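Just below sit the structures, each encoded as structure tokens.
What follows is chain A paired twice: with chain B in the first complex and chain C in the second.
Take a look at the complex of A and B:
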């Protein structure tokens, strides 16, 4: 097991967002409430942990496994306000008996969830008591997973790793708002809870694709829902019951940020951010992630997403009275930098 | 009667056009191992029709569909430690390919002598030639990557014909 140490409190002052900056160990409330998305009484504030390590790479581009584990430990400890990482991981392990890990591998190498990160999450969950066979790494297609370096595995004493093409889609059409879709059986029938592991990316149609939109990979017809910058489709899809109730934690892979030209990998606009964004609130995470992308775009001389007519308005929609999936207002988001 | 004949002719012409697209798509727009110095083709060619393109590039497919994409082909390559992916988008016409090319930022690139127009970045290259838009992405940033990508691009260009 990793070292049980307190989160460092360095570098809080650099963050430029409007939200309050809190010491990592000082915030212990509110996280559990975020797990019940879509309820009528959302919390007043949400928390997003931003963890970075400029030395997370060993060599030119390879991620250092030990440093990734350390980033994860610090992030989870700060999110849950625990005294030790192991205590935080026990709380994550308690989210469900069978835990799904929804990755994003559509773009293949370069702009997908890193396998090193997924393996680190699996390792910590097993150390916290979850049997390996009760962990399911999944995405839209097995070929997507393989293109990002994952190996398909349906049995044995290792974590499962499967695309939706293996277990298929539920036969019952689920609907909310303008969305009507079949949801994958991995989510509806196999997992009790899901840890969402999206990538921080620009999206040429929807503005950005981060935590909320990653669940387009859970439905059979996402190609129908990119109209009007994905608004309200991204929020409506997330309201489908299995997604809304089972997605309990969001660990965004921000080791490489695609700030232009996404969702495909275009290396000329990929930024080694070397970090993670972690929250129980997908709307808050998307709001902060969008801001990071916008700030980088501005620094590199690109127009804002709004000026390009692809402002991700679905993030605000996800927070409105018809969705209540979380908090979009940066002024009500506590950004904890570790 | 005349109208029926006209429909028959039009249908046959359409079928021929589709067959032509299909045959160029299923084969051989992507170079085999050795056609570009040092480059090995490390995967089969994967092919996507316009309707299937979202399975490859998600919602970004909409942009290509609006520009008139007919088919996309992709395959993986390797040259020593350098890994790369080649995408060829077959458009209905040259204007569609050019509109996609012109819509992308050129900052950080330099022109390259391949196709009708090209942009070469440190880790990628994009060029248009007639109705084709070709994008080559390297997964590593190495000293010789731009020149290696250019060599691979020229092998693709040779496949596209005049």
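Take a look at the complex of A and C:
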């Protein structure tokens, strides 16, 4: 995990100084409407920030680090309703002492969470006061992380980067609904909070895989839960206590959107969307993400997910009275474009 | 998948340390634990003693635990191209080994967790990858009409193609191969170990042998070359073509018929009933010896109608001589909220099956019950006397009752 970007640090310092002019906690109320997982009183509305930058690529496919940072800053500022990015990042840094970053690297380079994005998040969190060693980038397998360009690291004054195959799984079987699983130790024992960094992708079985389904990478037996288009399994898995209580923020990597053929990387159906989807509500994020995929599929002449008998009904299930993980109704989601 | 309470594999922590094959395990846990060295003969001998001495056969030889792999492991030796799959466009594959017929994207695995699509080619990840091994009485499988009083070298690899809520062995059946400790035990070595330890057969059991089909078939062939039989303990969730081929390689197949309703299979097993029934008919039609175990779970599959429906179906489709074992449930895994099966329920099931004309109806997991023994359907005398898994006497000669000369179906040997 490299983090040597002087330009971005300088710019961040400027924002930080600006942030000091505001009293702590000056963010506006928007942040409080996040989908509070499993609580008895879900929010009336949720917010999803859609941030795009057509110039985010410095080359044909390479992402420009400074622009990624800028996009990220604008997204968080908009999500939390703050007047400065530094204040927003302080809010993020306050999520927990040790913060996990759950990426999605199953598809290797091309359809995985970009390393540039993860490095940007790590950099900003460090600047906001989180020690590097208190950041853990994780996914199911170390080999998946490596295939997506990450370097495994367990020690030193750098963010940790490691797969569940190294840290293992908690011995306590956890169950909710139709799911019974062991949850990875990274989540149960090492992290106080998790920032979810999924990818915006079509999924050949579950319809889409975005924020909710990314936590299949936290359990030991995800292969058991793709039945019935993942419904209710995706929602049930998210209800497992460590996932439900520790996943606080969702930053969806939508620089490339796999709108057909997912979850594998198939370049002919990879769309350079050049953006991020950010929310505290995983259900709302999935709902908006699904809409983006559906619209692109329609534009490209593909049938809807429903017509292909893989409508991701688990999104609505995640919002039902038994789960209350967030809001699925697009009419109750404020989409903020920045 | 075994449903026998006493066949549950104990955790590594519960196993005597000196039974662990250090020279094998050491390669897989990255040297995490320093285990005493023991050669194969030594460890098998040591392992077999408590199994056989207790008469119930329960001690671990090597047993897995969900683990973190601290060191790189050479997994290539476990990986073989799978059989029974179809290639599809865009590097997808369709597995046709079991009725689930998973369509799997590149870099993904099937429902079983033991087979993986790598670049459009499907691989088994568990060939020769043994995660549990015991030397068990063959009655523990249970086979009551197959070489009574002998032992079976019983093995499993990780994974299963269903997900039963009452699974006794979920810690190995509901995990991926890399999540448990395993040893490399290729077919010829397995067969040699079985023979050297006086086992009449190799038993493929504990998890679901369908998911290690290639290893099972290769091991069965290797076993026959050593004069060792092969018996299969399965949920029977397998497609017809691979099942027919399997019947050409093994000597007996015991099927766990989980219930006699699709609802139960859907809600408790995460599978379907019909393919299992079709499979039983196929097994019978191939002349393969089969026995059926029915785990009776209180309130879920213990109705009179279900028992009667099962018995009628077995008699009509398979014949009255196919043994049916009604086995006692113990709360495990995701069904800890239910009590053990009352003995009266089991006896009711047996009474119904007897009344429908089945000749060999047994009760399982109730040591000492008279219904553990075999009775001649003609003279009604006890012809195999069992207590638990211990066979005290056999009165069958050349496949016939010693008292009345009635033919007794089974695989008795010479």
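Please note the rule applied: the second predicted complex is superposed on the first by the 307 of 338 C-alpha atoms of A that agree within 3 Å, B and C clash if a C-alpha of one lies under 4 Å from a C-alpha of the other, contacts with A are read in each partner's own complex, and residues count from 1 in each chain.
Convention: contacts are C-beta pairs under 8 Å (C-beta built on N, C-alpha and C of every residue); 3 or more make two chains touch, one makes a residue touch a chain.
In this text, all values refer to a predicted model and were calculated from it rather than measured experimentally.
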Combined model on chain A: chain C and chain B, fit or clash: clash
On the A-aligned overlay, A:109 touches which partner chain: chain B = first, chain C = second, or both, or neither? first
Go through the superposed model and pick first if A:157 touches only chain B, second if only chain C, both, or neither. neither
Using the superposition on chain A described above, determine whether A:226 touches chain B (first), chain C (second), both, or neither. both
Looking at A:266 after the superposition, I want to know if it touches chain B, chain C, both of them or none. Which is it: first, second, both, neither? both
Touching partner for A:206 - first (chain B), second (chain C), both, neither: first
Under the contact rule defined above, give the chain A residues that sit at the interface with chain B and also at the interface with chain C. 106, 108, 204-205, 223, 226, 261-264, 266
Chain B residues touching chain A in their complex are 54-55, 57-63, 83, 85, 104-105, 107-109, 121-124, 137-141
Given the complex, residues on chain A that touch chain C span 106-108, 165-169, 171, 173, 175, 180, 182, 185, 204-205, 220-221, 223-224, 226-227, 261-264, 266
As the complex stands, chain C meets chain A at residues 66-70, 90-92, 103, 105-113, 163, 165, 174-176, 178-179, 270, 333-334
Can you name the residues of chain A that touch chain B in the complex? 60-61, 106, 108-110, 141, 203-206, 209, 216, 222-223, 226, 230, 260-269, 300-302
